[in-house]
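Each chain carries a letter (A, B, C, D, E, F, G and H) given by its place in the written order, and its residues are counted from 1.
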Amino acid sequence: MNAESIRNILESVRRGKITADEGVSRLRHLPFEDLGFAKVDHHRALRVGMPEVIFAHGKSATQVREIFFRLAKHGGNVLATRAIADQFKAVKKKIRRAEYRPEARAIILHQDKNIYGKGRIAVVCAGTSDIPVAEEAVVTAELMGNAVERLYDVGVAGIHRLLANRKSLTQARVIIVCAGMEGALPSVVGGLVGVPVIAVPTSIGYGAAFEGLAALLGMMNSCASNVSVVNIDNGFGAGYVASLINRL
Amino acid sequence: MNAESIRNILESVRRGKITADEGVSRLRHLPFEDLGFAKVDHHRALRVGMPEVIFAHGKSATQVREIFFRLAKHGGNVLATRAIADQFKAVKKKIRRAEYRPEARAIILHQDKNIYGKGRIAVVCAGTSDIPVAEEAVVTAELMGNAVERLYDVGVAGIHRLLANRKSLTQARVIIVCAGMEGALPSVVGGLVGVPVIAVPTSIGYGAAFEGLAALLGMMNSCASNVSVVNIDNGFGAGYVASLINRL
Amino acid sequence: MNAESIRNILESVRRGKITADEGVSRLRHLPFEDLGFAKVDHHRALRVGMPEVIFAHGKSATQVREIFFRLAKHGGNVLATRAIADQFKAVKKKIRRAEYRPEARAIILHQDKNIYGKGRIAVVCAGTSDIPVAEEAVVTAELMGNAVERLYDVGVAGIHRLLANRKSLTQARVIIVCAGMEGALPSVVGGLVGVPVIAVPTSIGYGAAFEGLAALLGMMNSCASNVSVVNIDNGFGAGYVASLINRL
Amino acid sequence: MNAESIRNILESVRRGKITADEGVSRLRHLPFEDLGFAKVDHHRALRVGMPEVIFAHGKSATQVREIFFRLAKHGGNVLATRAIADQFKAVKKKIRRAEYRPEARAIILHQDKNIYGKGRIAVVCAGTSDIPVAEEAVVTAELMGNAVERLYDVGVAGIHRLLANRKSLTQARVIIVCAGMEGALPSVVGGLVGVPVIAVPTSIGYGAAFEGLAALLGMMNSCASNVSVVNIDNGFGAGYVASLINRL
Amino acid sequence: MNAESIRNILESVRRGKITADEGVSRLRHLPFEDLGFAKVDHHRALRVGMPEVIFAHGKSATQVREIFFRLAKHGGNVLATRAIADQFKAVKKKIRRAEYRPEARAIILHQDKNIYGKGRIAVVCAGTSDIPVAEEAVVTAELMGNAVERLYDVGVAGIHRLLANRKSLTQARVIIVCAGMEGALPSVVGGLVGVPVIAVPTSIGYGAAFEGLAALLGMMNSCASNVSVVNIDNGFGAGYVASLINRL
Amino acid sequence: MNAESIRNILESVRRGKITADEGVSRLRHLPFEDLGFAKVDHHRALRVGMPEVIFAHGKSATQVREIFFRLAKHGGNVLATRAIADQFKAVKKKIRRAEYRPEARAIILHQDKNIYGKGRIAVVCAGTSDIPVAEEAVVTAELMGNAVERLYDVGVAGIHRLLANRKSLTQARVIIVCAGMEGALPSVVGGLVGVPVIAVPTSIGYGAAFEGLAALLGMMNSCASNVSVVNIDNGFGAGYVASLINRL
Amino acid sequence: MNAESIRNILESVRRGKITADEGVSRLRHLPFEDLGFAKVDHHRALRVGMPEVIFAHGKSATQVREIFFRLAKHGGNVLATRAIADQFKAVKKKIRRAEYRPEARAIILHQDKNIYGKGRIAVVCAGTSDIPVAEEAVVTAELMGNAVERLYDVGVAGIHRLLANRKSLTQARVIIVCAGMEGALPSVVGGLVGVPVIAVPTSIGYGAAFEGLAALLGMMNSCASNVSVVNIDNGFGAGYVASLINRL
Amino acid sequence: MNAESIRNILESVRRGKITADEGVSRLRHLPFEDLGFAKVDHHRALRVGMPEVIFAHGKSATQVREIFFRLAKHGGNVLATRAIADQFKAVKKKIRRAEYRPEARAIILHQDKNIYGKGRIAVVCAGTSDIPVAEEAVVTAELMGNAVERLYDVGVAGIHRLLANRKSLTQARVIIVCAGMEGALPSVVGGLVGVPVIAVPTSIGYGAAFEGLAALLGMMNSCASNVSVVNIDNGFGAGYVASLINRL
C-alpha cells in the first residue's frame, strides 16, 4: 500500500534508522503511484455509482466474458458497449444477472440501482435510425444512476412533433440529442431550453453525410449557445457527460 | 441571318444553280449557329423578363460600366451582382436610372416592371449576417418579375420566430432559405411547407464552418424531401431558380 | 379532434362553467397539435397524390412488410426505396398488387393513378451505371402523378447524343439530371433549356470520384444558373422536388 | 400582452359577442407568440443573470454602439465578443461604465454582479497564444455570475506544470480547456478530474494544424469520457455551457 | 440515313414540291444526328485501330459476354477492363479467340494487329503492387497498335534501378508512369526525359495514402513540367492518351 | 566543359602520365555532370527551341531582371511567368526587346521565332475569368515554337458556342482546355475530338469551388478517355506538355 | 564487373587501340550501374544486421513463402509484416525456424542475434488496441539488433500510469509512441524526455478519428519539439527509424 | 527549494515535532514540483547546449526583446524563429551581440559555440523557395552545436544534381530534407543513404499543393523506410530532432 511505503520511510527517519537526507532520497525513487496522491482516492470517491465500462467491439466473446466477470466483482454496475449477441451469450453463462439490450448494443449488469442524478436526463433523437446511438446514451445514463426520458423520432423536418414534447424538454436537467444527416436537431432543441445540450452526431445518412461528418460539422457550428458535442455515434460519451452534469 | 443562309442555299437548289447533293454538302459546312435552331428562338422567347446579368467581382469599374451600358440597350432589366460602390459610381454616370442596392451588393436597372411570376417567393434567412446573400436573391427575383416577401433573422435556435411567420411561409409558391453555420433552417422550413425550397448555404460562421462547407453539407443531407441546394453564397442562383419555378 | 378540444373549452367558457382565465390556462396546456393549426390541414390537402414513403435500407423484410401494409391502407400510393428482392417477397405476400422495380430498387403500390403534374418531367442520366438513381427518380415522380420521359446514356463526352434529344428536353417542364464521375451533364442540360434542372450527383466512378464528391462539387459550381442540387444518389429527393414543381 | 389577447377572445365568447366557433377561428389566426406559451416566460426566468450578447465581428462601430446601448437598458450584463478598440471607443462614448478587455477582445457592461454559479469554473489553456480564447470564456463566465480560476500555459509537453495545479483542477465544478495545435490538453485534464470538461479547439498552430481542424479532431476523439467540444475559437460558447452547468 | 433525309428535302425543293421556306422549316426539325455532321465521319476515320472498350466492373458475366460479342463483330480489337475470371469464361464460350490477361484484369480480342503508333511507349511502375494498373495501360496501348516496353519496380527509393534503365526511357516517345504511396516517380522520370509523361496515381499504400489521394496530389504538383495526370488507377486512360500521342 | 575533363583524363592515360587504374579512379570522382552523359546532350538537343523559364512570383524585380538577363544570353527565348508590371519595368531597362503580356502575366523575350510544332495547338477556355491561365498556356506554346489558336468563352452552359467552333477543334493537333467552377469543358471537348486534351483546372469560382478543387476533381474523373490533367492554374505546364506533344 | 569495363576502355586508350575521343564516347554509353558507384558497396556495409523485409499484405501464401525462402538464404534476419496465419503455415513448411508473432502480424526468422543498437528502444502505446502496431515496431527493432522495452496501455487520460513509468522512458535512447484516437501521447512523452520520439498514429478509433487522420494531424502538430512522425499504423517504419538512430 | 521542503518535513518527523502520519499527509499536499523529481534535474543536464527558443510570430517587437533579454541571461544560445526585421531592431538595441539571419527569419545569440553533435547534419532542399525553411533548420542545428552542410536546389526533377552530391549525403550522420510541391525528395534521399532522414514538407507550391498538404501526404507515404516527418514549414522542429539524434 502506498501510504504505507511512505509511512515506513518516515518511521525509519523518526527512529533514526536513516537520516532525513536519505529519506528524501528514498522518497524520490518511489514509483509515482506509491505516493498515494489524493487524486486517486478522490477519484475513487467520485466513481461511486460509475459503471465499469468495456468497449466490446473487436474483442472476442471470451475476452469480453473474462473482463466482464472481473469487473462485476467490484459490486458496481458493468457496461459493455458495442457488444454483439455472441458476446452476450458468453457473458451470460458466467454472470447470470447480465442482460442484453440489443437496440443499444450493450451488455449490462445493473447491481447498483441507486439514483445519483439530481434531475432527469432527456435523450432525444431525430430519426428511428438514430435509436441505437440514443439507446447507448440511455443505458449509460441509467447505469450511472439517472432517471432518463426518451423522446425519439422528433426530427426537424416535422417540427410539430418536437414542439409537442416541449414540456418534457423544459423539465429535463440535461438533454442529449442524437442526430445524423444534417444534424440540425441540437440547435432547435438548444433554442427551446435553458439547460446544457450534449449533441451526438450519428453516422446515419448517405452520400454527402460522409459517415457523420456533415452532422458533426453542423453541430460544431450550432447557433444555439448551450450545445457541446461528442464524437460521431458516441452515445456512451454523451451519457457519461450528461450523468456527470446531472450529479452536480 | 441564319435562316437567310439556309434559304439561299435552298433557293439555289430550287433554281437549279446547284444540285441537291451540293446543297446537302453546303448545309453541312454552315457554322452551327447559322442553322437557326429553334432552341435559340425558343430561348429568346423564354428570356422575356429575364435580367441581363454581370458578375462584377474582379471587373474594373470601367468594364462594369461598359458591359452594363451595352446590356441596358436591350430594354430589359440589368443586374450586376457582387458589385461595389465604385463600380456603381461609374455605371451611374452613364446610366442615370441605375440604382445601387448596397445590402445586396447589386447594381440594377429596373426597366421592365412586369410581373411574370405566378405566386409569391419567400426569401428566408437565419441570421442578420446572411442578409447580403438573401438580398441578392431578392433583387434577382424582383428583376425577374416576382413578388417577394422577406422573412429575416428566423434561425432555428429561436424556433418561435420562424413559427410566428408560418402563414407567410405557407402562402409562398417557392421559398428560398439562406443560412450559414449549421445550415439547419431549410430542413425546418421544408418540413413546414409543401412547396419547393431552394437552400443557399452562406459562408457565415467561423472555425468548423469552413467557409460554408458545414452549411452546404447540412443542406445536402436535409431530412426534408423538398429541399434542393445551390452553391455557397449563391443568392443569385437561388433567385434565378426560384423565379423559373414561379413562372411555371 | 383538435378543433373540437378548443371548441369544448370555449363552450365551457361561454356557458360560464369556467372563467375566461381558466380557459386561457387550459388552452396553454393543450398538446401543440391539438391547436389544429392550419398547417396540418393544409398539408393534408397538399399531400393528395403524395406517396407514402419507406426508406427500406437497413430494415428487415418483416419491418418493411408491416410498414408497407399499414401505409397501403391509406389508399394512396406507397413507395419503398432502396429495397431488395427479399423485402419485396415479404411485402408481396401481404399486398398482392405491390410491384418491384429492380432497376430502381423500389417496391411500389400504385393505387392512385391520377395525374397531378401539369407538364412532363424529363429524367436524364449520363451513363448506364447511373440508371438505378435515375429510375428511383422516375418511379418517385410517377407515383406522385407525373408523366415522365427518360433520356438515358447521354453523357457529355458524346454531346451529339444529348443534342439529338434536345426537343425532348425543351418540352419538359422540369428536368432531373443524374450523373457521376465529373458530374458535368447538368451544366450542359441547364444551358440548353429555360426550366428548372434538379441535379443528382451519383456515386458512380472510382479513384478521385470519391464516392460522388467530385460530381457533387461539380454540380454545386454549375455555370448554368437554373441548376439546384440534391444529395449523392438521392433519386427519390430529385423526383420529389421535381414533382412539387410540376404541380405548381 | 399575449395572455391578454387570448383572454379578450374568451371574454367575447363568454359575453356572447362571438360564437365558440368564431373564437376557435380567431385563436388559430393569432400570431404564435401571442399564445403566451410558458416557454417564453420560463425562458425569461431562466435568463436571469444571463448577459445580452453581441457578436461584434463585422459590425460597424456605430452598429455595435447602438445595439449595446439598447441592450444595456435591460439592466443586465452586456457582452460584445470579437470586438476591437474602435468599437469600444464608440460604445464608451454612450455607455460610460462599459469596459474593454483587450485580451478577450470583449466589451462588457457589468451591471449585475450577483453570483449565480454554485461552484468555481476553471479555465485552462495550453499556451500563451490560446489566451484570447480562454479570456473570452472567462469574461463570459464572469458576466454570467461565476467565480472563475485561470490556469494558463500548462500544455501537455510540460506535464509537470499541469500536475502542479491539480488541486485547482480537482476543486473546480466545471472545467474549460482551450488548446490549439494537437489539442491534447482536454484528454489529460479529463483524466485527472471527475467533472465535465468543455474543450475548445483554437486556431493556434500552422501547417497541418489547418486552422484548428487538427485540435478539433483531436478533442472529438478524446480518450477521456468526460469531454465535450465546442467550435474552434468559441470561448464564448464554452463559457456559456460551463455557466449553465455551474448553475444546476 | 442522314444525308438521305436532307437530300430528300432538297429534292422536294428542287422539284417545286415544297417552297424554299418550307425546306428551311423542315430542316430545322430534323433530329440533330440526321444532319450528318462531318464530326461523326471524321471520328470514324480517326477511330481506325481504336479498340472497342467495355468497363466490366459491376456488369454480369452475361452482360459482358453479350456486349463483347456485339463489339467483336466490328472487326477491330475489343478490350474489357476491370474484368474477372468468371466474366472471361462467359466471353470465351462465345468468342474463341478472346484472351484473358489476369495481371491487367483485362479480356482482350486482338483482331487488328497493325501498328499505328510511331514510336515506343514505355510503361514504368514504382512497385510490384502497381503492376495491375501498369498492365492495364500496357494492354490498352498494345490493342491500340503500339510497341510497348515495360520498366517495372523502379521506385524512387532505389534510384539506381531507375537510372540503370535511362536508355530505355530516353528512347521512348511517350512514357506512362504508375505509382502509389507518395507518387514521386513521375517527377523523377519527367526530369530524365524530354517527352510527355502520363502519370497514373495508384491506390497502393495505406494510412495517409488515402486510397491514392496522396499520390494524386503529388503528381498534380510535379516539379517536372512535362507531366500530366489521369485518375487514380486509370491505367486504361493513360494507355489511351499515350496511344493518341504516339499516333501523331 | 564536361567532355573536356573526361578527355583530359583519357589523354593522360594515353600519354602514360597516369595508369589506367588511376584513370578509373579519377573518373569516379568527377562530379556526376562532368561525365557528360548522353542524357544531358540529348536534352540539350531536345531543348532546342525550349524557352528558359523563370517563376517570377515572390521574386524581387531585381532578381527577375538579373536571372532574365543571364538567361537571355543563351540566345533562345525567355519566359517569366506570374510576373507583375514592376518586374517587367526592371527587366525592360536591361533587355530592350523584352515584352510584357499582361493578360498572361508573362514577360517574354522572343529571340528564336522558328516553328518547331508540327501542327496547331488549340487553347480553349470556358469563361472570360479563365483567360489569364489560358494566355499563360498560349504564350508558353508560342515561345516553344507553336502555332496557337484561341477559342475563348465557350463554356458548357452555352454549348452552341463550342459546337460552332468544332472545326477549329478538329483541326488542332493538341488541345488545351482551361476551366474553373465545375471544370466540365474538357470532357465535352474530349468527346468532340480524337487528339490529346490537356485539361487545366482554374481557381475561378467561389464557395464550393474550393479554389479549383471542384474543377480538378471533375477533370480527373472525365468520362472522355483522351483527357489528362495538370495542376490548378498551371497554364505554363499545359503549354509545355502540349508543345512536347506537338513536336513529336 | 563495373570497374573492369571502365579499365578495359582505358587500357584500349592507353594502348592506342582507340583514341581518347572514342574512349569518351564509349564511357558515355556504359549503363549507369557499370560505373560501380561506391554507394552500392557502402550500402551493403551499412545493411549488416538489417533484416530483409516482405510486405505480406495482398501476397499469396506461396508468394510469401518463396520470397521468404530466397531472402533467408542471405543468412540475415527476415521479416514479413502484415502477415496472416496461412502465410506463416506456408513459410513454416519450408523454413523450419521461422516463427509467427500473431500480435505483431509478423513472420520472422531470427538468424542474426547480434545487438547492433547502442542503447534501449522504448515502445510505448496508448491503449490495448494499439498493441498490434506497437508489436510490429518491437519485432522490427528486435530483428535489427536492439534491446526493446514495452510500455503499453499508458494513454493520456490516465496520466499517472505514464508517469509511473517515467524512469523507463528517461533511460531509453529512442522512444516509439503509438497512439490512435486523439494521438496525444507523443506530445506528453516528448515533454518528459530529451531523446528523439518517433510517433506512430494508429487507425484505432471511430467516427471523427477518420481512420487515423485525427491522430496523424495531432502528432504533426505536437507541441513537443522532439517528435517526428511516420505513416498511420506504420509500426515497421518506426522500428526501422528508431533502429537507425540507436545504431549511431 | 524543493528538496528543502521535503527535508524540513522529514526533519520535523525525526525530531518528533510531527508524527510519521502527519508527515505522510504533509508530503501529499506539497505542490508536485516541490518533490524535486529527477526528471527536472536530468532535463537540466540534457539541456546543456540547447538554445532557448522564442516563437516570434505574432509577438510585438517589445515582447520579443524582453523575452530575448531574459533568456540571454542564462548564458546559453538564444533563438527567435519566424522573426521579422523590426523585432530584430528592438532586440539589437538591448542585446548588442544578437544577429539576424534574414533568410532563416531568425534572431540568434550565439554565446555557447561548443560542438555537441557527434557528426555532421546535412540540410537538403528541393528548390530555392524552400530555402527559408531549410535555413531555419540550419540555424537551429548550429545553435544546438552541430556542424551543418547545406545541399540546396537539388529537386528530383533534376536528379543528377542530387546524385552529384551523394558523397556529402553519405557522409552525414543525420539528414534533413525540405521540399514543397510533391514532396518527393526525402524518398529519393532516403533511398541513397542508411541514416535517419527528417522530412519537412514546405508550403511552397500552388493549386493542388494545398499549402503543403500534398507534400505532407507524400512524405508520410514515403517508400523509403528511414524517413520520419515533422509539420509543414517546421524547419525548427527538424533541426531540433536532428540535433538530438546527432548528440547520441
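Structure notes:
Operating definition for what follows: contacts are C-beta pairs under 8 Å (C-beta built on N, C-alpha and C of every residue); 3 or more make two chains touch, one makes a residue touch a chain.
As the structure is a prediction and not an experimental result, all values here were calculated from the model.
Chains that touch both subunit E and subunit H are the following: F, G. Among the remaining chains, those touching subunit E and also subunit G are F, H. Although subunit D and subunit G carry the same sequence, what matters here is overlap: shared residue numbers make up over half of all numbers found at their interface. One rotation lays the C-alpha atoms of subunit A on subunit G, and its angle is 90 degrees to the nearest 5.
Chain centres were defined as the mean of their Cα atoms; on that basis the chain farthest from subunit B turns out to be G. The interface in E-G, B-C or D-G that matches E-H, meaning over half of the contact pairs are the same by residue number, belongs to D-G.
Distance between subunit A and subunit B, defined via averaged C-alpha coordinates, is recorded as 50 Å. Computed centre separation for the pair subunit C/subunit G is 55 angstrom, with centres defined by C-alpha atoms. Averaging Cα coordinates per chain places subunit A and subunit F 59 Å apart. Shown for subunit C are the residues in touch with two or more other chains, namely 37-39, 163, 166, 192, 207-209, 213, 216, 220-222, 231-232.
Counting only pairs that meet the touch rule, the chains in contact are A-B, A-C, A-D, A-G, A-H, B-C, B-D, B-E, B-F, C-D, C-E, C-F, D-G, D-H, E-F, E-G, E-H, F-G, F-H, G-H. By the touch criterion given at the top, residues 31-33, 37, 39-40, 58, 201, 203, 211-213, 216, 231-234 of subunit B touch subunit F in their complex.
Residue ranges on subunit A touching subunit H, taken from their complex, read 3, 6-7, 10-11, 13-14, 16, 20-21, 23-24, 27-28, 35-38.
The residues of subunit C lying in touch with subunit F in their complex are 126-127, 155-159, 163, 180-184, 187-188, 190-192, 205, 207-210, 213-215, 217-224.
Residue ranges on subunit E touching subunit G, taken from their complex, read 129, 160, 163-164, 166-167, 206-209.
If you check the complex, the residues on subunit B that touch subunit C are 37-39, 42-43, 46-47, 53, 118-119, 166-167, 170, 173-174, 192, 194-196, 198, 216, 220-221, 225-232, 236-238, 240-241, 244-246, 248.
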